[in-house]
Amino acid sequence: MQYLSPNTVEDAVQLLASRTGECRVLAGGTDLLVRLRSGMTEPDSVLDIKRIDELRRITREDGGWRIGAAVPGAEMSENADLVSDWPGVVEAVGLIGSTQIQGRATMAGNLCNASPAADSVPALVAADAVARVAGPDGVRDVAVFDVPDGPGKTSLGRDEFITSIFLPARPARSGDAYLRFIPRTEMDIAVVGCAVSLTLDAAGTCTAARVALGAVGPKVIAVKEAADILTGSIIDAATLDRVAQACSAAANPIDDKRGTADYRKHVAGVLARRATAIAKTRAGGAA
Amino acid sequence: MVQVKVFGSLTSATDGRSEVNIDASTLRELLDGLAEQYPAIKPQLERGISVAIDGKVYNDSWFTPIHEDSEVVLLARLKGG
Amino acid sequence: MALDSKSDGEKLNFKVIGTRPLRPDGIDKVTGRARFGADMSAPGMLVGLVLRSPHAHARIKSIDTSAAEALTGVHAVVTRADFGAVENEATADVLDNCMAGDKALYDGHAVAAVAATSGKIAKQALKLIEIDYEPLPHVTDVDAAMQPDAPSLHDGRANETVPEGMSPNVMARHEFGHGDIEAGLAQADRVLERTYRTEATHQGYIEPHACLASMGPDGQADLWCCTQGHYMVRNTCAEILGIEQGQLRVTASEIGGGFGGKTTVFLEPVALKLAQKSGRPVKMVMSRAEVLRATGPTASSSIDVRIGMTKDGRITAGFAELRYQGGAYPGSPVDMGSMSAFAPYDLENVKTVGWDVVTNRPKQAAYRAPGAPMAAFAVESAIDELAKGFGLDPLEVRLKNAAREGTRASYGPTYPAIGLEATLRKAKDHPHWSAPLGPNQGRGVACGFWFNFGGDTCVSLNITPDGTVTLSEGNPDIGGSRASMSMMAAEELGIPYDKVRTVIADTGSLGQNEVTDGSRVTFAVGLATIEAARAAKREMCKRAAMVWGIDEEAVVWEDGAAKPAGPNAGDHEPMSLAEIAAIASNTGGPIAGHFEVNAEGAGVSFATHMVDTEVDPDTGAVKILRYTVFQDAGKAVHPSYVEGQFQGGAVQGIGWALNEEYIYGEDGILQNPGFLDYRIPVASDLPMIDTVILEIPNPGHPYGVRGVGETSIVPPLAAVANAVSEAAGVRMTALPMSPPRVLAAIQSENG
Amino acid sequence: MSKIHVTTTINGDPTEYLCEAEDTLLDVLRDRLGMTGSKEGCGTGDCGACSITVDGRLVCACLMLGAEAEGREIGTIEGMAKGDTLHPLQQKFIEHAALQCGICTPGILVAAKSLLERNPDPTEEEARYWLAGNLCRCTGYDKIIRAVLDAAQDMREAS
């Protein structure tokens, strides 16, 4: 195996394009190293993107935020302005693994690992985030929802990699939240994850909403029915019930070692109700 | 003679008796006596056994004294972790 | 030798015992200097790796190692063909578990091993080993394995206690008890019948198994390894390899947890064989996945209980049928479970029947009070349900039925002084018991019992020329026992704690020592230490007598010094230990005390645990809110480490109760061989664990010490289950009480 | 096969080593540099026994390649005591009997130090969550948390 550590995006693209054999992009490495260690993946080379300065930055852009692909979760949690704008997204990233994992794991890596249970992905989908992808043909932007294709698979080309993720500007009175269910209080993979992002008008009526579920299908699920129920509502108890039902119905999970399908469907609704309530409060709505 | 309490799964080796009398004044004599009087108990003795004598458990010590009025109880060989 | 309480050992005014000095290995452990199993290396060392079966059950038709052997950098390849036959059946099973014979019996079973100049080459070599497997039907569930038509692991290995016509996977039957169950049940106002199930759990020590072996052509071998008993390692490896015990010197590393799981061998005979074949030192370290797939978890269980109770809370009869699978070989701890199930209670009619069953899972290893926690879960759950059904206080019911001095134990003997009742009374008086509970919260209590034992023990206590003391003992220090030993030596010698340094000697330095297990070390090694110190004191009194020109009998040892005593002793200034040590060469030579014993007669111990839980009725998640342990320690030598044993056992039990489990797929493959999905409790899962130490002296130990290590894992499974059942409003009868299980129970209860 | 030459700083000491691309930093520390204080309990980032700091940030050494350490500042348990003076956390761990077997201790100390550098006055809950990635099987965490909180108090009073 070869270790490559380019200093620019251009060099990285060129290295990726010129490699024969399998090359894996190394960001935080908290998934990749586990795979390397267990022999699940045996690439011919790894390409470390952490030496590319621009990928290590969190920057404001067009009223939103651009998060470099090599930014570890801990740096996001320490950025008070980012937390204030997108608390749900930062919470979701912050739930990935331990404090130690937070020192390394990146949001882009969490996305590209393409685990159906990735914590940050539902939050990013709810946030309508956009991934910037570099490749031999230049740079393109792609909705985060369209990046994962299924367990362990992404829509990225062989020579492409994500350089950053963009969180759009927020209208006033917006809030987001992410909740996941795990058996312990920490250190587990999500059994179910649910993210809600919404905006209220001055009267407290929801004007826009996005709801996404994780770990209940081969990839993240955007629950349009739930968003539709929220939009135009004042998010009262009856609305929360309907959101919960819509999310349970939209969930399409399997039985596995982490939970049964029935359990996951039920909990998807429970989390949707709770996450919606939190997002509403964050948007300035009455509790 | 010492009265020995035998646990349930060994009673098939002692003609169904849960108490047997053995002429013994030490643990060794007790184990030898048991094997002699009840040969079917030998496999269990070979696998190992613990013996409670007056409330204390012994595994190996042959010359542990046993008195006529001692309470003697056979136990499965104790294991620990 | 039998050890009765010695009148000269009655000590009440302790100076060192009961204090909390700093442990001698503390600085090494907080600075990273302490050397654990994987921390040793040797010049020219090779890396050894094991190839493991990907099948749950398969005949090994052939193994071709030629390509691996031909790989540059590979110095040895080992399969079962490299080992000779072993006569002793139990040891033969250990060998078969270390390296499979004609069949691979579980997912992860070792089938070959290599030693190469690097881990990378060794990994490559494993891939070059070609094995022709014939997959066979498998079974991993205990009840399924008992079906007559279940896939059979070994035909014809059932012992004489098993009736004809049972599944060939049933290896043994155990029965204990007295009285007449049916007559007892007939006197009850209610008879509760329930089936309880527990999943297999792993000891979960953080340090994977590791060793470094070397062996010369002359048959002399050295082994460094993390183990609970290096003498056991020596004896077992010598037997397996057909070498003399005296030729194999084993040194115990610092040990990173064991809890029973390091009371046998896995890598060690393989490493020695690789070292022998390669002529080079070989180091082997397991991965976490290997630890979970191939080292001993404890048994899973399925237990039927029938208990009769009168409406005033008297238990009229108790019956339990226990089925434990202990993996691919005979020897599950169902015998211990059967003996301990009802041990806390004074019952006229009690009977337990235990079945030892084999399945296609790793060979079980001892786990802290092996066999007892699952039995206690079943019995304590049933008693709790009966008590609450009658509207009775569950602590009162336990007090009413508690075994005490003179009670005939459910497993046979009559109890001497025991501490169960004291723990129950302490629990009842504790503020925890009367603290208010909120919605969705419940409180549970349960009792637990463990035997404790002693065994072969050998220590040597040496007085150095400058008057300090070195104590050599042969039991790996798994949780601070060097401190306890130094304390007992200091107490006995009348010198400060920090004048005694305790070391763990290698197998060449002391006689045989039983494994660090059975909660035996503070009891047995402590007892030997005290006796060794007494021997040294006698010698020092003799030396002083020589100097003073008086009879030995006219010298006593007090406050760390020899003093003349009695009418004809004369008037001499006391001679301190240091003063006697300084002139040892002039008075006959070095001074030492040693003691060798098979320390039998350990005292049993009891505990009562109390726990508050909160259940999220929407998700089934359980939170532990408060936990208090009440346990009899006999005498707490170093209270901090006694508390630590209580707390650690309780938390392991919480893990067992809530989220730890071996999960096998339909294919018989372990689904969760990692700390991600084998979920041991993390810091944020827990509250502080409060402890109350009771001291009811063990008459079999000079200072009254009882073992404390194991009992603390016995009650928590049931205590947590009783609390969760109350909080959830539905009786939980299967462990772990993972959120999906709890939610399903709540939903089915609510229709 | 060509090895990678890495120049880095470990516990303040300039350090150079050769490693293979596959080697984790933990492999390098333990097997190439003889710094065995960092332990491997799982190799998957789930136990925290290999906790170290990289440029002041707490990470698992098992989840980082040795090659990635180029130019970084690495901190390990071996650098925690200054000469013969223990760090207050080290001292408190011994005093509180916050270790039994001690295998998790180096990782927990490194993680706890990192906590107190960021948050000198953590609540019990903050300490428990910060240390959730450090598994201890012996103690049930009680004495560990007490030691951390006690050390924090002493360090606040001393500063």
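Letters A, B, C and D name the chains as they come in the text, with residue numbers starting at 1 for each one.
Everything that follows uses one rule, which is that a contact is a pair of C-beta atoms (placed from the backbone, for glycine too) under 8 Å apart; a residue touches a chain by one contact, two chains touch by 3 or more.
Quick caveat, the model's predicted, so the values are computed rather than measured.
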(request) Could you compare the number of C-beta pairs in contact for C-D with that for A-C and name the larger? (result) C-D
(request) Round to the nearest whole Å and give the separation of the Cα centres of subunit A and subunit D. (result) 29
(request) Using mean C-alpha positions as chain centres, tell me how far subunit A is from subunit C in Å, no decimals. (result) 44
(request) Go ahead and note the Å separation of the Cα centroids belonging to subunit B and subunit C. (result) 25
(message) Quick check: what residues of subunit C touch more than one other chain, meaning two or more?
(response) 203, 259, 675-676, 681-682, 684
(message) Where in subunit B do residues touch two or more of the other chains?
(response) none
(message) Could you pull out the residues of subunit A that touch at least 2 other chains?
(response) 38, 185-187
(message) Under the stated touch criterion, can you name all the chain pairs that qualify?
(response) A-C, A-D, B-C, C-D
(request) Please give the residue numbers of subunit C that touch subunit B in the complex, ascending. (result) 1-2, 159-161, 172-178, 203, 259-261, 263, 333, 335-336, 338-339, 351, 353, 365-371, 411-416, 451-453, 455, 515, 517-520, 598, 600-602, 700, 710
(message) Which stretch or stretches of subunit A touch subunit D in the complex?
(response) 1-3, 5, 26, 29-30, 33-34, 36-38, 45-46, 48, 50, 72, 74, 97-101, 103-104, 185-187
(request) Over in the complex, which subunit D residues touch subunit A? Could you list them? (result) 4, 20-22, 24, 43-46, 48, 51, 54, 57-60, 62-65, 67-68, 70, 111, 114-115, 129-134
(request) Could you pull out which subunit A residues touch subunit C in their complex? (result) 38-39, 181, 183-189, 191, 257-260, 263, 266-267, 270
(request) Please name which positions on subunit C make contact with subunit A in the complex. (result) 123, 289, 618-621, 658-659, 663, 671-672, 675-677, 679, 681-682, 684-685, 738-740, 743-744
